[in-house]
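There are two complexes below, and they share chain A, which is joined by chain B in the first and by chain C in the second.
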Partner chain A sequence: MDSPSSTIERLPAPKRPGGWSIPGWGLLQGLAVTGRNMVESYYKKERMTTIQYPEERAPISPNFRNFPFLVFDTDPAADLRCTACSICEKECPPQCIYIVLDRDENGKSLKRPRVFDIDLSVCMNCGICAEVCPFDSIYMDGEYELSTDDRFGGLLFGLDRLAKSAEYHMKLRPEQATEVMARRKAEEEKKAAAAAAKLAKAKADAEAKAKAAAEVKPEEKGEEV
Partner chain B sequence: MSLEHLPRLPQRLVEMLLQNFGAPEWLVLIAGFLVAASTVVGVFAGGFALLSLVERKTLARAQNRIGPNRAGWFGILQPVADGIKMLTKEDIVPAKAEKILHLLAPIMIVVPAILALGVIPYGREWIPVPLELGLLFFFAVGAMTEVSIFMAGWASGSKFPMLGAMRAISQMVSYELPLMICALGVVMVSGTLSLPDIVDRQGGFHLGFIPAWNLFTPWGLVAGLLFYVCSIAEANRCPFDLPEGESEIVAGHMTEYSGFKYALFFMGEYLGLFAISGLGITLFLGGWQAPLPGLDFVPTWIWFFAKLCTVIFSFLWIRATFPRVRIDQLMRFAWLCMIPMALLTLPAAAIWHFAGRGLLSWVVTVPLLLIPWVIITVIYNKRLAPTLRTYRFAE
Partner chain C sequence: MISDSSMLYSTPALETGDDEDQLLRVSLGPQHPSTHGVFRMNVVLDGETVVSLKPVFGYLHRNHEKIAENATYLSSMPYTDRLDYICPLSNNWAYAHAVEKLAGIEVPERAEYMRVILAELTRLINHTAFAGFILGDMGAWGSALMYAFREREKILDLFEDLTGARMMANFMRFGGCRNDLPAGWAMKCGKLVDDYGPFLDEMEKFLVGNEILLARTQDVGQLPKDILINGGITGPMLRAAGVNYDIRKVEPYGIYERFDFRIPLGEIGDCYDRIMIRFLEMRESLKILRQALDQLPEGDYIHPKAKIRNFKPPVGEAYGRIEGPKGELGFHLISDGTTNPYRYRVRPPSFINLTLLEDMCLGLDLADVVIILGSIDIVLGEVDR
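Let's turn to the complex of A and B:
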């Protein structure tokens, strides 16, 4: 007969030095463990890992990321890094970004957003916007206390709430921000150097031209290049 | 008037007041009893509130947490907050419930606990009801708890409460048997059912410093330990909290209760815990007797409550440590281990009583209890050891 117990193997009784286990020995060991926890939690700091949340906060990791924010260097109105290129708007999978390019009265682009809205109730924290941004402008934030009683307005973040300083970025994610700053600085320097070189070259060209013209003058105005 | 008489002060005051106003004798008597009863109820209701906080704090510390610390200083107002919460909650009665039984069950669970608390001698001068048959009364009243738990399970008209109630009945009946047998040994040796007398018999000291409590005898040690385990099961405490079994059957018989009725169940449970620990202290730990000679200047009721706190703390410690047992393990433990050992304490107690409590009774009773214990140990190691399950169909 195939009784259900035929499939049950006896587990060997836990081995003790004497070969036999005293009934209740394991219970006493368990009591010792909880007892030690109880006593040591009063004087061992490393045992108590509780963080009293509203008063204290756990430090967030540099890898922590949720909703995006926009970076400005000194002044949120004047030098927002964003150029309203709308790449993030197009890449955003749930399409939570809405950008309107700022133009002057002649309709010429001012290369900055007039409206930059992110609907946090739609955003899914994927971070693609931060990845695609070519202007180091949009990054993922470390802010997590965003609960609000206003379901629509309270979660629709405009420029005023999205724009955060480069120092904030530096504090939030030092490694990344340093790297970005260094790259931007290098680029700026390169640009400046290029501009200077161009300027120098233009100047040299002009000088050369002037010289040539001066050299040519005594002679007849012959071969013109 | 000394500190010894402090717990009787309210009763005496009311009696004196009424006598001054010229109230008839029967009225003075009844008022005195009422006040004495409300002293006990007040003390243990306060104890219940305190215990609900202390339990959470202790459990938290055992798990390296802090526990409730928001309401008041160190969370001291947490019981108040809990009470307000419970009182303001909606009282839901299921459509399929038997309305009257559903209402009666939580009341019926508190009443026997309070009645049982009435017969325990808390101090030399503080015995609320000095009954001649106190122990019998305690068990008679304590058995009502089972009825009310089953009442709750039946009246809820739903399946989880019914399951919980059936578990509770099988558990409490199984464990009431060794509980009573253990108490019987004490009755045999003391020759009385009156709880104050049982405490009196445990007065004095062996060799000048070992208190003459029943626990410090061979049969008393075994009976006391068995009584301890049984009282955990009787109070439905972890690791024998199968009737509630919140991870399996929601809350057992309390599933369909809400608001203050639910709180009453907890109150009944905790008061029952106080009562059964009080009885255990009375029977085995010398009741209000001081643990060492020369400590008679301390009021006796302080000793009783010190012992009560120790026992209750051990319950909390056990709750913080052990996982819940399975129902078959629970029943097997009761019938194959507890009851045989409890039955053996009876002849041991008899020998202890008639052989004169000397060397002879030690020589006879210790092997009488030790040999079966060793046999049970062997069985435990051979046959009841946990088994490795192989599942045929789940690979």
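Let's turn to the complex of A and C:
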């Protein structure tokens, strides 16, 4: 611990330059500060910060996060991006997400949620669900006026209130949404290309097989003979 | 007044029998504005003099450590915001530091700089708010707190731009930070740092010559160094008594070796020194901030291989500590190789600083108790956890 250190200079009671002290001189100095602040608050622009809330609103910052929402591309019922993988359900710190996977009559997974509930009264707006989602499906909203007079139904957000369109996401967070859309598009193209390649390969394989079979056949015949 | 550590355990027994009528038991709190939250003190008074003081706390207990053991490592990050809710980003860093030690994760350069900037801004917030609170404890409701909170709000605006929330930041990640600085953020921060010096000048002019403040804080609540060290006191409380102990210098974490700053030390360790030491620390923080903003490099804000989902550190244990605004903030983690910590323990500075409250208050007036409690700078979210 050989760090250079300064020591506090203990101030004696404030004295006037003449050498004798007036009781209360320090108080008067403090009052001068108060007075200047009071006067400044009437004419200085940066001091007049009050916003008349319901009539006017402060702009929210682009990173501002509040309650999460689910993204769908065109139709909330058909192409919700969520696949009900429950990663967000597991990672959610206050455990406020409840997901039930949708299955068809044979019990096969349909890769979409039948129930997706988030309890607003428990959610702490941390944004971890949005961070861990691998399907670009859940994002944080900028909506902050969520109070309601129905404390049970009104605070439980189901699929109908959570699902919001990709356009909404684009409007809310243009940068993030643009990046996500570009990535998804690239992935889709890659997938399509891969599928096409697979198809072509399968076709080529089949052809090669047929050719091989055709080549093998005469020999087999020959052996038979 | 306690003069050496042998008297620590000699709290006077309460007089019983006829004399008991002479003593007055006061339950100060938990709904008392001077107790900084829900904190209660059972004080026994002889006239105005404190004979015994027993702190009662736990009103804000939230089971933080047990919840963390039943949640993944990442899930505990937002809960650390709620420990010391005045300075969430320091708590984030302490926890991330412990996990990085446990799992051996590297942090990129830029993220280290961002962390230093955010931690020092948090120190500014904490000490500024402290100046407002302690003046409130002395009866100056209003002005000082309003000035302090005005400046604090400017820093919180920066935090909101960066993290998305004023106070519940949830920003640090294992191996970096959650997102990069938005465009223009560093410039705004630089402007704030430039404007902060004049504000501190104003605040000092407002406070330090004030006769009421001098009369009420000088020679109030000091304890000898050895008692403070034995009591595990850290942070400005300890340095005000002249003990040169700051984890940024003693056991540098992050990139603190690269910055040129000093550790202010007091002499006596009374409430006055504790107030002044925080002002001097803010000046040093401004120095660190200027250097960090100048040197801020480009690069990754999080380690490219940092894992967010299914994060499993290897089996082992680690204790990560940082110099929080209130003292040594440490997290002790034991991992059994699963996604949840096996044991998760917080070393909260304001709780441990609070343990010597009775020793500081014995023999003084009840009005001094309020100031001494204020000078410890507790946040009940951290004390009760």
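One rule holds for everything that comes next: the second predicted complex is superposed on the first by the 161 of 225 C-alpha atoms of A that agree within 3 Å, B and C clash if a C-alpha of one lies under 4 Å from a C-alpha of the other, contacts with A are read in each partner's own complex, and residues count from 1 in each chain.
Note that in this section a residue touches a chain if its C-beta (ideal position, glycine included) is under 8 Å from a C-beta of that chain, and two chains touch if they have at least 3 such contacts.
Everything numeric here is computed off the predicted structure, so don't read it as measured data.
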item: Touched partner set for A:Thr50, first chain B, second chain C, both or neither; value: first
item: Chain B versus chain C as contact partner of A:Gly107, first or second or both or neither; value: neither
item: Which of chain B and chain C A:Pro59 touches, first, second, both or neither; value: neither
item: Touching partner for A:Tyr42 - first (chain B), second (chain C), both, neither; value: first
item: Comparison of chain B and chain C by chain A residues contacted; value: C
item: Touched partner set for A:Thr34, first chain B, second chain C, both or neither; value: both
item: Shared chain A surface residues [contacts with chain B and with chain C]; value: 7-8, 10-11, 13, 23, 27, 30, 33-34, 37
item: Parts of chain B lying in touch with chain A, wherever the complex brings them together; value: 58, 61-66, 317-318, 320-322, 376-378, 380-382, 385-392
item: In the complex with chain A, residue positions of chain C that touch it; value: 71-72, 74-79, 143, 147, 160-165, 168, 170, 178-179, 182, 202, 205-212, 214, 240, 242, 244-246, 249-250, 262-268, 272-273, 276-277, 280, 308-309
item: Of all residues in chain A, those that touch chain B in their complex; value: 7-13, 20-23, 27, 30-31, 33-35, 37-38, 41-42, 47-50, 52
item: Chain A to chain C touching residues, read off their complex; value: 1, 3-8, 10-11, 13-14, 23-27, 29-30, 33-34, 37, 61-65, 87, 90-93, 124-128, 131-132, 134, 140
